[in-house]
Amino acid sequence: MTHLALMTQHLDQIFVLTSHWLLSYLPIALQPLCSAILSVAAIIIAFATLFALTTLLERKGLGRMQNRYGPNRVGPCGLFQPLADGVKSLTKEDIVPIRADRAVHFMAPVLLVAASFMGYAVLPIGRNMVMVDMNAGVLFFFAIGSLMELAVFMAGWSSRSKYSLLGAMRAIAQMISYEVPLVLASVVVLMQAGSLSTVAIVNMQATYSGIWPHWFVFTPWGFAGFALFMIAATAESNRSPFDLPEGESEIIAGYYTEYSGFKFALFFLGEYIGMFATSGMAITLFLGGWSAPFSFLTWIPSYFWFFAKLLTIISVFIWIRGTLPRLRMDQLMNLAWQFMLPMTLLNLLTTGIWHFMLPGFLRWIVCSTMVIVPCILLGSGLKYKKKFQIRTYHFSQ
Amino acid sequence: MDEKLKTELSKQGIFTTSLQELYNWGRTSSIWPLNFGLACCAIEMIATTMARYDLARFGAEVFRPSPRQADLMIVAGTVTKKMAPQVVRLYNQMPEPKYVISMGACAISGGPFKQGYNVLKGIDRYIPVDIYIPGCPPRPEALIDAFMELQKKIDAQQLTGENRPRHLNADEPSEFIVPQFGEHDLEPTRNSSIWEPPLVQIAQTGSDESGSH
Amino acid sequence: MVGEGILKGLAETARNFFGSYVSKDRLTTVQYPEQREPQIEATRDFPFLVYDGADWQQGMRCVACQICEKECPPKCIFIEKSKDKKPDAFGKMQIYPATFNIDISVCMSCQICVEVCPFDAIKMDVEYHQSSDDRFGALLLNKQRLSKSNEYYNAIHPTEASAVDAQRAEELAKLEAKAKAAAEVKAAAEAKAAADANPALNASPQQPAGDPQ
Amino acid sequence: MNLEAIKSEIEANVPGCRLELIANPSPSGQHSLLLDAEHASAVALYLRDTPNLRFDFCSNITGIDWPGKEVSQKIKVRKLVDGVEQEVEETRITTIPGSLEVVYHLYSVEKKHGPIVLRMRTKDRDAGVHLPSFTPIWRSAELQEREIFDLFGVLFDGHPDLRRLLMWDEFQDYPMRRDYVDPDDYEYEPTAHDAVLQRARQHLSQANPVQPSEGEAR
Amino acid sequence: MSTATLAAASLNLEPANESGMDQLLEIAMGPQHPSTHGVFRMNVVLDGERVVRLKPVFGYLHRNHEKIAENETYLGSMPYTDRLDYMCPLTNNWAYALAVEKLAGIQVPERAEYLRVITGELTRLQNHTCLIGFLMQDMGASGTPLMYAFRQREIILDLFEALTGARMMCNYMRFGGCRVDLPAGWLDQAKKVVAGFPRFLDEYESLLVSNEILMDRTQDVGVLSKELAISAGISGPMARASGVDYDIRKVDHYSIYDRFAFRVPLGSHGDVYDRFMIRLLEMRESVNILQQAMRDIPEGPIVDPKTKIRGFRPKPGEAYGRIEGPKGELGFYLVSDGSPNPYRYRVRPPSLINLTILEDLCLGRNVADIVVILGSIDIVMGEVDR
């Protein structure tokens, strides 16, 4: 048994051990630097591959939802499709509009990708697998995340195209508006965990009562927080139904209308990487990070659980994208300020009450009511205010 | 590396590829069309991307609305004279390498509407066309067929030498004249550097038997 | 409740997603080059010329009456009459088309040529693999490329073709009976005129080379 | 709906208007009323607003070009020929002036009847191509009148935005007129015949004034 | 890269006013735009994202149908009518045939009338499903509703192909009847398709109708009043969504529509949601009509034997014939001078006339609303520009 336990532990820590083993050959002075480079390389490779797989998964998944196959000709089952897209994008001509601000036009995609990758520095991908265990990790994450807005606006502004500018304006408005509920929704976790360190947050959730884990999502405030966080994250990563900045049917391709070739691919990459990062943060904050969903499943390596959860969230994103139409700008704003913000604030209160009430059934009832009732009231209030309804129709004689 | 050695190696489990092959493979496997429909053929073009025919299998369902991100322009439908400048302009805005499929009778020659005063008698008067699909409208299968034809064509391209494709030849233009609206017609009525019809062979004599009945 | 409709929609797409793995109705893709939809009999694409028998030049039904040329709405048919005559399927001496061109880059597959043809000579094909990169060479179909055998016609449009064949056979039988009667009358007349010892001309119609049935 | 009755009703109620009933010989039996341009708007308003008519739906507006033509008539005239009165056939050529005609098809959504067909004619086809616009009366006339202006060159007085609808603004001609000459853009016609052949040949003679040598057959 | 100059020219980069005093932004949507349903252009002046002026520009698909038809025989124009409103060729055929029949006084045999009703209503089903799909596409629904619509459309197109030989350009109707009779087994197949259609509609509705985002996007957007609708000549489902009780099938009693029991749904708000719902409801009524027609179809000739195919010359005169097309009142106005080709041939395009009020509907709304309103009007450029 101990042998088995050791093996699973080794399997769990295989990347950490490999890294240590590799580093042990280096002089001590170089070790921190090389360790950083190694981790950066590992993260870039892992998530770039995930990006490639996700685009394929998205195209195939959407295809299945739409009663067709999706890409299946390039390589076995279309597996090399993203690779071909990459090769093609790399070899495409790169056009910079003549009146564009060349420097900014070039900087924008680079900044977007760089910013979206930087968030991974504080994401614990597995047990002991975090690049920097910052004690203000969550704060760092959101600070870096807001760099993406800058990149998007740079792209839209520098292109000197009206559609780009419209897209950039939409993006700025949307991303800043949703930053607020995004952060507020995560504050509940910080309140409960009492730490800004992502590692500490995950460690706190990676314990079990019986077979059940202590994930924050399994509390009323945690569930509400998770739902609110995910809605805000969808908007933050410009995914359908909040994909207004690149709303294809309205403003062509939004802020990257004028981008071609590899720069366009970088935008694509940046968007997806950003989406993974926010989803990863959601996992860290609410879904117990790398911890297994049941205590008897802990023998499966921790990074597996992280990626499994990530893929599940991505699938939901794809599912939603395949189903829902897009919101309008003012509706998006209304949702942010009239629904999301009050709900997140209320959730803060709920968390506080949860914290100070004794554990037990009563606490559950009180907190659930505090979350569900305002949600319904607010929702139907909004519905009532807008007067939208399912109508009945009459017929002429 | 010659073909023989290559097949020999692949039998041994070693796959080799040249830069040219990789380049061509990337281009053929990822052709993103411009989201651009003109008329009736556009509906069949949409039908081709839909569930029954599913152009996505070839990795080509990514219809980009912006010409900057597109590789292939499917001229699907009648190009009117009022539209022709815009079509040429869109083509000019696309980054190289770019391809054009002229879908349907109207785009090839004006088709049934060729007698009209506002109808351009073939888009190849202004931009170079890679594949022509006759039909009015061509069936979705015909479009897939043409698409595969285009893939074959790309695959056969050499990166160097006399026969290298247009976009690798610095002497060849990648932009073409955008016609201007004139008082009676477009100006110029064609781009003579790319469109040179075979000499019109109209029977000068004895034409009455064909000309009057 | 807010979100109810959204959830309903999500359930619908999920049903289709999972349905695509089990039900044929929810995965309607026909993977074109390998799989084909069943050929629908009435399908039409471009016109072709029917010939009887084995030799396309001998058996061509077209008699260059130029009705289709005149009625073709986009004027994509071009016919030149021959100077000499050849016997048709019924044995009548007829002129034939010296040139018969159809420009399928213009043709709109409207089938009006088929409807107006009194000789059942022009029919609609089902072949749509016509895409090509040669605008001037490949899309102008000449007489030889247009000619397809009656067997081919029977294979693609069985119901219609057998009706046409039956009608033609009937006509032929009528003609034969008529010719026979005429021959009998003639023979009688000949016998009567035998005394005149004039060399009678053989006026009985020549039998066609490739006759249906 | 009897058109005669409507005509007399309008004449009674719109003072000064001159209406003419144009019979339609075809089996459709859709006869029409020819309005004079001065009173057309008043008549239209009457048709729209009178409670028993209520033609509130202007469905279709068409322009028709009637170029001026010379009609030769053979008339038998009694005349003195060489001192003897004889019946002589004489060809008399009368010139019918051309005009542009606009035809309106009106229906009533409220009463569910119709159509009533109105027509108006311009004085000629050059300078006097003015007609009153019905856009203030029926909004549906807006785009259709623009189209007729574009393709026929009828100027509608009182139209809020009379620009070309289909052709580009720089375009000079009125292509739906019968005497419009198509631009010469037939360089390649593999299957030319009839009118197309004429045009192709014309183009060829313009493009290469030198007759091409006897080329091989197509 | 000098392509960029061209890009700049096409996108019209200059702000509306260089002085910067007013903040209006002028953008040209189209002629190449993902959601203009073809080559339609709107010159939009925006204040932020609010529309302050919108001028549609037409003519990018003006292919001179009317001029060509005036040089074509009467029959020769029939295949061109397919290409007018290329989403519903059979109703175009029908309207044209009806106009010529009025002009020449031709009677249509009963079976042919049934065939016309069946094919016409199938066309309506096909058009409305696709329209809703396109509308959702404009709303940004990643193609899923459109895919479902086209899945169903393909099934109907299979029927068209089996009957007429072509998927889209059917060229099926003839003056005084139809071209070919039903092939063996067609009716059973069609019955099956029609019987399965309500199930598809149920699915479609559960995907869309109660979706909050859709309701939010469409309700009270692009409201068209009843009075304006009548005055502007709006017809078809769009007018009925505004509460105009006018269905030519009921009003003109053309063909054999009197024999079928069907209802005409009417909207009360006149907004985009009503237009969308009216079409859904109309499809259910069409299914009703189809079921009745396929039950009752008699045997008999399919074309009036007196009508010639070649050398058809109606007597001088004129006629205006109209039908209730899927998009609205589709009319053909023909003037004959006794020659084999019409002297004047005019199409009354519902798509074009329904666009008259586009600016009125869009003023003060968002950019995102423009595409939704345009989508709900249901235009096909082939018909708008002809």
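Think of it as A, B, C, D and E in the order they're written, each chain with its own count starting at 1.
Operating definition for what follows: a contact is a pair of C-beta atoms (placed from the backbone, for glycine too) under 8 Å apart; a residue touches a chain by one contact, two chains touch by 3 or more.
Note that the structure is a prediction, hence the values are computed from the model and not measured.
J.: What's the chain with its C-alpha centre farthest out from chain A?
T.: With centres defined by C-alpha atoms, farthest from chain A sits D.
J.: By CA centroids, point me to the most central chain in this structure.
T.: Chain nearest the centroid of all protein C-alpha atoms: E.
J.: Which whole number of Å gives the spacing of the CA centres of chain C and chain E?
T.: Whole-Å distance between the two chain centres: 34.
J.: Roughly how far is chain A from chain B, centre to centre by C-alpha average, rounded to an integer in Å?
T.: 40
J.: Per the centroid of Cα atoms for each chain, what is the distance between chain B and chain E, given in Å?
T.: Inter-chain centre distance comes to 30 Å.
J.: Just the number, please: Cα centre separation of chain A and chain D in whole Å.
T.: 66
J.: Give the residues of chain D touching no fewer than two other chains, as numbers and ranges.
T.: Touching at least two other chains: 166-168, 175, 188, 192-196, 217-218.
J.: Can you pull out the residues of chain B that are in contact with at least two other chains?
T.: 35, 50-52, 54, 57, 65, 68, 82, 93, 95, 112-113, 115, 117-118, 136, 139, 174, 197-198, 210
J.: Of all the residues in chain C, which ones touch at least 2 other chains?
T.: 2-3, 6, 9, 12-13, 16, 28-29, 31, 70, 73, 75, 78, 103, 106, 108-110, 136
J.: State the interface residues of chain E toward chain A in the complex, per the touch definition above.
T.: So the residues of chain E in touch with chain A come to 1-5, 7-8, 11-13, 25, 27, 33-35, 49, 136-144, 147-148, 151, 207, 209-217, 219-220, 245, 247, 250, 263-269, 273-274, 277-278, 281, 366-371.
J.: In the complex of these two chains, what residues of chain C are touching chain B?
T.: 28-33, 36, 45-46, 66, 70, 73-75, 78-81, 103-110, 128-136, 138-139
J.: Which stretch or stretches of chain B touch chain D in the complex?
T.: Within the complex, chain B touches chain D at residues 81-82, 115, 117-118, 121, 181-185, 189-190, 197-205, 207, 210-211.
J.: Tell me, which parts of chain E touch chain C in their complex?
T.: Residues in contact with chain C: 72-73, 75-80, 83, 144, 148, 151, 154, 158, 161-166, 169, 171, 179-180, 183-184, 203, 206-215, 309-310.
J.: Touching residues of chain C toward chain E in the complex: what are they?
T.: 2-6, 8-9, 11-13, 16, 28, 40-44, 67, 71, 73, 108-112, 115-116, 124, 159
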